[in-house]
Amino acid sequence: MIEGEGKVRSMRDAVAAHVHDGDIVAIEGFTHLISFAAAHEIIRQGRRELTLCRLTPDLVADQMIAAGCISKLVFSWAGNPGAGSLHAFRRAIEQKERPLEIDEYSHFGMVARFAAGAAGLPFWPLRNYADTDLPRANPNIKSVMCPFTGDTLAAVPALCPDVTIVHAQRSDTEGNAQIWGVLGVQKEAAFAAERVIVVAEDIVDESIIRADPNRTVIPGLIVDAVVHEPWGAHPSYAQGFYDRDNEFYVAWEQISKDRTRLETYLDEFVRGVRDRSEYLAKHPGLRERLEADDRTCAGVNYGF
Amino acid sequence: MVCVAASELRDGDVVFVGIGLPSLACNLARATHAPNLQLIYESGTIGTRPTRIPLSIGDPALVTGTLMVAPMIDVFQLLLQRGHIDVGFLGAAQIDRCANINTTVVGSYATPKVRLPGSGGASEIAAHAKRILAVTTLDKRAFPAKVDFVTTPGRRVSRVITDKCIFDRDDASGELLLSALFPGVTVDAVRAQVGWDLKTLAIVQTVAPPPPDQLVALARLRNQ
Amino acid sequence: MIEGEGKVRSMRDAVAAHVHDGDIVAIEGFTHLISFAAAHEIIRQGRRELTLCRLTPDLVADQMIAAGCISKLVFSWAGNPGAGSLHAFRRAIEQKERPLEIDEYSHFGMVARFAAGAAGLPFWPLRNYADTDLPRANPNIKSVMCPFTGDTLAAVPALCPDVTIVHAQRSDTEGNAQIWGVLGVQKEAAFAAERVIVVAEDIVDESIIRADPNRTVIPGLIVDAVVHEPWGAHPSYAQGFYDRDNEFYVAWEQISKDRTRLETYLDEFVRGVRDRSEYLAKHPGLRERLEADDRTCAGVNYGF
Amino acid sequence: MVCVAASELRDGDVVFVGIGLPSLACNLARATHAPNLQLIYESGTIGTRPTRIPLSIGDPALVTGTLMVAPMIDVFQLLLQRGHIDVGFLGAAQIDRCANINTTVVGSYATPKVRLPGSGGASEIAAHAKRILAVTTLDKRAFPAKVDFVTTPGRRVSRVITDKCIFDRDDASGELLLSALFPGVTVDAVRAQVGWDLKTLAIVQTVAPPPPDQLVALARLRNQ
């Protein structure tokens, strides 16, 4: 047991310490490495009035909306990737089932907002949105003039979450985290935030990180807590660890369509378990169904 | 529709690929007439040769064996905005007379009848890919005279591929014109599914049926 | 012999095809992975009126200035790193030995210029230069106002070289190049350019690149020529391949101070050899003195 | 001078390190009183524990066994500009009364008597590190009343460490004041090397000689 060592905490303690009612929270991962483990703990702890920032809100957002955690969503594509709709999200917008403010961009706009926050800049310039209705729908999309060419560019404001939660393949106890496969905006979302929680499949010795430093995406010096949560991104993917639980993504279309079924799901798999290990105990056979094949690459020489 | 979309791609093109039909069309082209097609997925994989139909845009199957994985900021800045993408595919819930595309809302933005997923990367694909193809099934609700919300402007769309016909955008008028029909489909049948007074090109072609090798390759891809 | 395969060319052919008189040329590498092999070939081919862009002009610039290739230098730190001065550069500026225009920034300013060029943006905003004399010395440093906060930021214009030359540890024949260790601005300088030459220690099979795609820094689709040049960064370093030839860096202080010694050096080691293999033949014992130790890291699993 | 610079660093500080004296001082601090000092080199290595005195800022010896290597754009944007650097060291060819630093030219910019290397990363270190220390040897030419070129402004420099004495910058007047003398150095001896009417703090301290363990550690570092 390494809890307590360095910055390693239980998910319960990390969420209790770093995610507060009313916070702006980013849970990133571009359909890959999504920290369902953290989202479920936030639901269990009954957080309210959160602003959730995510390019692709995905099932994780639908569950948090249904559980009443979210009052505002900052996003660029809200769907069940490859499998359908987010019906709790749609009911909130279409039927005003519950209050939900939205702050909507394209993917590039969201990435640019995180990039500005990460860089310590107040805005980010991009060539985008000409002749679209997005700037009319969202006054946060403005323009800026190039002082050299006179070109007018779009501009989006920095997005600086109070806390960003990223799932990584591995981290040391100080939060030096290595990620491979699809990188999404994990780095930018982490640097943009005031506080960072790294959730990792493996907690490894610092020497593993130091052996391949170009693989490190998030340095421990910006990390506040490290949580060890194997299969913590289930039902999403983690390259080199497990595949997506696609049956569940497909099933979500029917679960989320029906308010009662959705509540039953949350009661059984989220609120009805104490932690991730109880959640995993309710999902026997994951390893057999989803564990990744071995496609280990060769290393490179860091000698001099 | 997949076969027509695949046929649009030229060998050596750098194509920005989304999940679903575009991914299938691109891999079909790569398996047949365009072996040097360079597939770039929005999640940052470059030179991708997926060994299965990807479940989502971040599917690790896109990464395994690809040439490069770029962070998303590089996908949008260094590849799209810098002008390295030859062809971009767009899906659409609605396309109108001027090829404006809506994937945001049906109804008003504040109180929509149907809330759609939103732009995703469509806005920047439309702004920066050199050639833009839209793909959607032909259906009266999907082809109104004017979309409820302009997620991506029609200005840079060159062609719309449906399951019944092909529309080309006329640069002079900015309108979509009927340019080709699938075998057995009539101009009137298309007009019945389109919410404006559709004009046609002087000569409306008939889409050739897919060659057998394309169909064989498609079946193989679907069974991966 | 793999020359001619894919985009693989001899250095002579690559420079002849892609570096022209009057071009804006970036030879990057932050004291690590500097393509001396390309610079020497440019000198041999007698290129003139080049604008050389490099954060740290280094010996490579001093040699090109002395050889009369350079009419303008775009830079942020001009010295012999850790070992002294660039005397050909200093004579040009202090004694007007030859005409040399300069366009000077800080490192961040140079990185920002390459980043803007790489991103297809006309400028890049940064918080910098308040109360310094740099904007007075360089009218290319302007300001831009944030459309959200009203903050005034510095702005630098995009730098888009006609050709960028980067040294990489390995590449396939199409220019998909992998770099590790200090990354500098190799990626930004390459994406900013109209044409790219990748010079690599090893030309490897595409399958090596595909086995570890997160290691790829430059995609082949932006590369025009690939040159196989083992020890091509000598006397600078290449992580995992060889250490810096520090004796030469130290000796450069005396060589470059003396115009005659500098000419003799160029005559013997640059103009007096036909190609890199002849240069290397004049440096026996490099392997014994400088070859890197083996510090090969472990690989990671790319399975799903 | 190295020992004084090392003593300025607190355990746990994140320090932006340059080659030469700053690198030596930081590694000395890490080897003695500040084992948790986080060294970030301009070349992008984070949490660095060099096994030799680096030959240059991009020395691969900084990479081998470090925690992370960031591209330079991230060094400047995500670490410096974002405010993650506690301490930055600056070298100087000239420092003036107001702590302005010149590493660009002696003489005029267009026709300099001596062309110095230029800013490098100094400008952004001065703009963004929370505490800024300048380090240089005391010498009349190096301490003029006004520098020939402001490479980095004095406004944010808190302390100047030399081989003879320490100056602290007075926030009210903006002037460098003499705050401490090395053993055996007099106020007059310092005044003779400074190009303005130097004022002193009310109490000028004497720099304590380095403790033996620091000297042992320094000798060990130099023999790496």
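So that you can tell them apart, the chains are marked A, B, C and D in the order they are listed, and the count of residues begins at 1 in each.
Keep this in mind: contacts are C-beta pairs under 8 Å (C-beta built on N, C-alpha and C of every residue); 3 or more make two chains touch, one makes a residue touch a chain.
Just so we're clear, the structure is a prediction, and the values are computed from it rather than from any experiment.
Interface comparison, C-D versus A-D: the pair with the greater number of contacting C-beta pairs is C-D. Here the spacing of chain A and chain B, counted between their Cα centres, is 28 Å. The distance from the centre of chain B to the centre of chain D, with each centre set as the mean of the Cα atoms, comes to 57 Å. Put simply, the C-alpha centre of chain A and that of chain D have 40 angstrom between them.
For chain B, residues that reach two or more other chains under the stated contact definition are 45, 59-60, 63-64, 69-70, 77, 81, 128.
The set of chain C residues touching two or more other chains comprises 120-121, 126-127, 180-181, 183, 187, 211, 214, 237, 239-240, 243, 292, 295, 302-304.
Judged by the touch criterion defined above, the protein chains form a pattern that is neither an open path, a ring nor a star, and not fully connected either.
By the definition given earlier, chain contacts exist for A-B, A-C, A-D, B-C, C-D. On the chain D side of its complex with chain C, the touching residues are 19-20, 42-45, 54-60, 62-64, 69-73, 76-77, 80-81, 104, 109, 111-115, 117-124, 127-128, 149-153, 155.
Remark: chain B residues 14, 38, 45-47, 59-61, 63-70, 74, 77-78, 81-84, 128 touch chain C in the complex. Contact residues of chain C toward chain A in the complex are 120-123, 125-127, 142-149, 151, 153, 155, 157, 169, 178, 180-181, 183, 208, 211-212, 214-215, 237, 239-241, 243, 292-304.
Against chain D, in their complex, chain A makes its touches with residues 118-121, 176, 187, 191, 206, 209-211, 213-214, 216, 219-222, 302-304.
In the complex of the two chains, the chain C residues touching chain D come out as 29-32, 55-56, 75-79, 81-83, 85, 89-90, 93-94, 96, 104-109, 111-112, 115, 126-134, 137, 180-185, 187-188, 237-240, 243-244, 246, 249, 292, 295.
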